[in-house]
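Please read the structure below before turning to the comments.
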């Protein structure tokens, strides 16, 4: 009897932790909405709301690969890129066919997620055979390939239908009335601005729901067992490839969703080192590591803090990124130095003990 | 004279207090055994002595010097060797390279060569496998290598963490012979063993560790006859 | 045919630059087991140092390289001591991210000190170019010096690691820091030495990189850094001859694919080849197979 | 060094605090002042600042002082929107920016929504002036592409031309595409069309080799001067002697620190601005820029300088006052822009059409004995 | 029919013949010991048997099925589970989750069911919890079920590994030096547990061990390996008194 009580307690402990995570997101949303209604939110903050959602989703989804699956990926932004471009293409070509922006955006999200998932599978199948830093470098390589390839794709539309080329815009041989949809490095312009804070928060919740429920399920345990000890996992009959691929693909497709939000938030979409290259992938990794590998709530907090930080430092102007770098280094050491962790633990322990005494 | 003196040692893992202020000493030329159940803190004690862990409070004196705050590698340079739990051989390096690293703190090439030959004689398997990557050795072979590597430094004091683990019976006896032999040739030994009976049979003195505290100490032979020790560690 | 040889030789030049950077990368990775993403930026700092000494102060190229080596060595040791050492026992990922922070920091320091305008770099190489086939093919002095430096550095490093005590200590530290300490090895000292060597190599690489491609901005180091990292992986990361081979191959493949396939997709092709190589040989060309005893 | 001393972005000048809002115009600027394109953003930031200092010293716009606030976008679209919003919070009434094209397009969507007047000094992509509140100082890319082709064709500079361009850059591809399509009509044959990318922009041996092998008489470089400097050096290294022709991006070439100017001998460029031009306006500008920022200004700085003066001219024409809100100012300026004509660094009698394009004549310039000379 | 039948199994590493011409037959329900000097090839045998290494010669029949050269996971599914000489737990998972992971292939619901938390998820998870706790109780680990595996003391980690292996529902359980690092009291306890498992789970067990007290105490039959080859096979008492075995292995 007592035992089964304990089981319930165990379940409810993770449940409680999950509910807190959802609660934080919902509370944050409500507070921001109230402030907006009260006119207390600056334009900068309003403009940052959707990006904050994007980076939160990216961080949580990468944490699935890095923290839960235990594989280092340096190409996460590439999946975002796939999601962004595929959904933008869809939205632009369907602008007239589906005038209902809500429904069109809903389909765009599905398409972005699916395209990124497909990319995840295509990349995952060969890549996941590698280990550790080799896997990291190959994901980086794939990320760069995707970015490079996107930059040489030209798609145009005229009265004869769609045209496609990988050379340049002239090679499309379009009629006079032709309109470029995807113009190589010049990218896509005119994606409808369908992303809203509300949808962003909704998608964060969906992401959390998927990731948290996955972790605390049979498949999640299998994924984590592969992370902790591959050989032991095999020895108890776990299909390593399947679970690695599953985690990788889900993570990719959620990054794709973030990409959809990204491309539908800005009217110009180009694939550069900054937004879809390894710089961005590494930035997402920074969120994950700073927030604590495998710690979903930490990812959210780190993503929000580090996205806001450079904006808050704007007053420092040319020194801005310098200070940002220093703060990043300092935060990493503060969060990760074993000595400081010990100190903190002992300090809090002492405090707690004292409080209990009282 | 005590070559190793431990006083009021407290060690933490985060908030877990693994050693709760233990004191003991080892005299020059002795074999001292440290016994205790799983998780009692034996390994923690040895790690703290050789500087792999830092103590929160307390002091350790080695050969007259306070080594409490001294860097681990210097302690080794002062003449202390450690056969660690879990063997910790350098997996990608060959057996030979592992042994050479054991003699890192020594300078005289001839003396090193001499010790090397002595070790090959003791553990012919190591000579046979001298070019094999240490990581592919069998468990017992790695244990031999860990022992050989520690001996390469020609230490004044050697601390041994379960040196017989994973060894076949014939080698277990062999290893205890070796311990006695190096002790005779002047090396002081601090020994941690699950095989308490064997350990006590070769030790001069022993300490019994229970959840981070020393609960018993004394002459090894006497402890062997102590009822509580018998019951807890020597069950037949 | 002539143009093929020419593309090939130019690829070799490029490759030799990658190789020399990769040597430093692989050195630090092999011993400290960390991807030092700031390596490319140390190269950039080395470049600026040479530039300042040679072009601004008007001293000779030898003095420039020497001072750059000294500065970068100190810089490397300081970075290691301040930013990486506190995280020694933490997850390698934490150090990787800190290295990224250091990379940003160095770039922004350079941006503030030297400005964003590119500087044209005066080559530190004074050897004339080698003319072949009636002057139809030229191998530049920079290429010759870079390749020779690579080979010399490779041989020195290999000997150093194989034959010296410090080298053996590095190997031990790379495997198990705790056990290395139990051998009497000063772990922090050994890692600092590794960074010192790696950063000194970065300074040399910086001088040669900027001599071969004579431009210098605060971001000069980052792309070659990434490419050299790829080269190091290509050759088998941690393997010193592997870095050389990886670098040269990378340069040659990059140039040939530019010439014969597509100049826009050459990077994609290089990365594609890397992926294929790793799928066939998961630890790179000369990488040791990591066999885990079960 | 080319760093700003920070005054550019801090809010008010030495004016009294009440100057802000009521008595002074708030002009915001956006561009990359960190990151790999910082060189362009910093030039714009400085060029505009210089103009504003002059105007303020001379009594401001219709008697009102200008407050200037420049925000970093790192060359990134998303950061540019953040910068825009930051400026809005500050109370910006007129936007001078952004510097690079993709961010400019993204910000354009916001500014048109807010009806905020936007004048970009250097955003040259077609879509940078998509909305009616958007104007630009520089030529649009296609404009430069066709102008270059025409110039080469009409002046019979060459019949066989090779092109080396940055396929990952909006500016470069924009000019390139138009140039290629226009070349045919001008009797110019494209014998080699070679690209490079931002990630691969230091080694040009293959592209040059191909140009050489193709027998091109002229190499067209619709790129920025930092890469051009390298291309010239490498061409020299491989012993490839040919003529080079570029657009406004090439301006700045001679001012690359430590650059061997003999490499640039006989390079031709079609640009509205050259720092070595002998006219008084340019010389004064260059001198004060050099004094203040310790380097020679490039065309980005000149574009920004002109942009500020264009805003001044339009504001005075429309008789807008600082107490008007941004939207009202925009309505005034939109109309006034098409009515003004200014003599700037980048053109005499510059006028604007309602679709935001400047109307000015490019100058063809050739580098002779290390200085720009009109052709 | 024998549960496990190995014929002429062999493998080499470089020039070293680590296991050579090895044959063994184990009947259902037997408690079988594999002993031999260090480096004789015992662990290598386990690795061959579980597909970690591919044998260069020989066949392995489990319950009549040829499982030679199959993948590790398939061999586990066919009914062989093992523990490792150097413990391999899922360190960042709780004790309970370690065992539940062992149950992975015996209790199933789809990933989607898990994510959407359909009723089946709760039902199956509950069954898994119950089954896992039942197993933990056998090893007296149920009180530690919410601890991380890495925080268990050594002896308990060994037990947890056995529990996890058992959770896969094997026909044959392989234990590699289960008593290593345990003191005599704990070893005695472990012997009881192994016997209990054999009896209550109708398990067949093959174990490697250097602790003679355990070997002589619970093994019914023994095979002695020496230099990769079978030195002798037979009843425990007979084998342990064999002069060759004494000379090569036991000493004295």
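A, B, C, D and E label the chains in the order they appear, each numbered from 1.
Throughout what follows, a residue touches a chain if its C-beta (ideal position, glycine included) is under 8 Å from a C-beta of that chain, and two chains touch if they have at least 3 such contacts.
A quick note: this is a predicted structure, and the numbers were derived from the prediction, not measured.
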item: Touching chain C and also chain D, the following chains; value: A
item: C-E compared against B-C, more contacting pairs; value: B-C
item: Most distant chain from chain B by Cα centroid; value: D
item: Euclidean distance of C-alpha centroids - chain A vs chain E, Å; value: 42
item: Euclidean distance of C-alpha centroids - chain A vs chain D, Å; value: 35
item: Between chain E and chain B, distance of the C-alpha-averaged centres to the nearest whole Å; value: 30
item: Inter-centroid spacing, chain D versus chain B (mean Cα positions, whole Å); value: 73
item: Touching two or more other chains - residue numbers and ranges from chain E; value: 43, 52, 84
item: For chain B, residues that touch 2 or more chains besides their own; value: 136-137
item: Shared-contact residues (touching 2 or more other chains) in chain C; value: 108, 111-112, 264, 267, 292, 294
item: Pairwise chain contacts, counting only pairs that touch as defined; value: A-B, A-C, A-D, A-E, B-C, B-E, C-D, C-E
item: Chain A-touching residues of chain D, taken from the complex the two chains share; value: 3-4, 6, 8-10, 33-36, 70-72, 74-79, 81-86, 88-89, 101-103, 105-106, 108-110, 125, 127, 130, 167-170, 173-174, 176-177, 180-181, 197-199
item: Interfacial residue positions of chain C with respect to chain E in the complex; value: 294
item: Interfacial residue positions of chain D with respect to chain C in the complex; value: 1-3, 33-36, 38-39, 42, 167-168, 194-197, 199-200, 202-203, 205-207, 209-210, 213, 226, 229-230, 233-234, 237-239, 255-260, 295
item: Sites on chain A touched by chain D in the complex; value: 42-48, 51, 144, 148, 151-152, 168-170, 184-187, 189-190, 193, 262, 265-270, 272-275, 277, 310-311, 314-315, 317-321
item: Chain E contact footprint on chain B (complex, rising order); value: 37-39, 86, 125, 136-141, 143-144, 162, 165-174, 194-197, 232-236
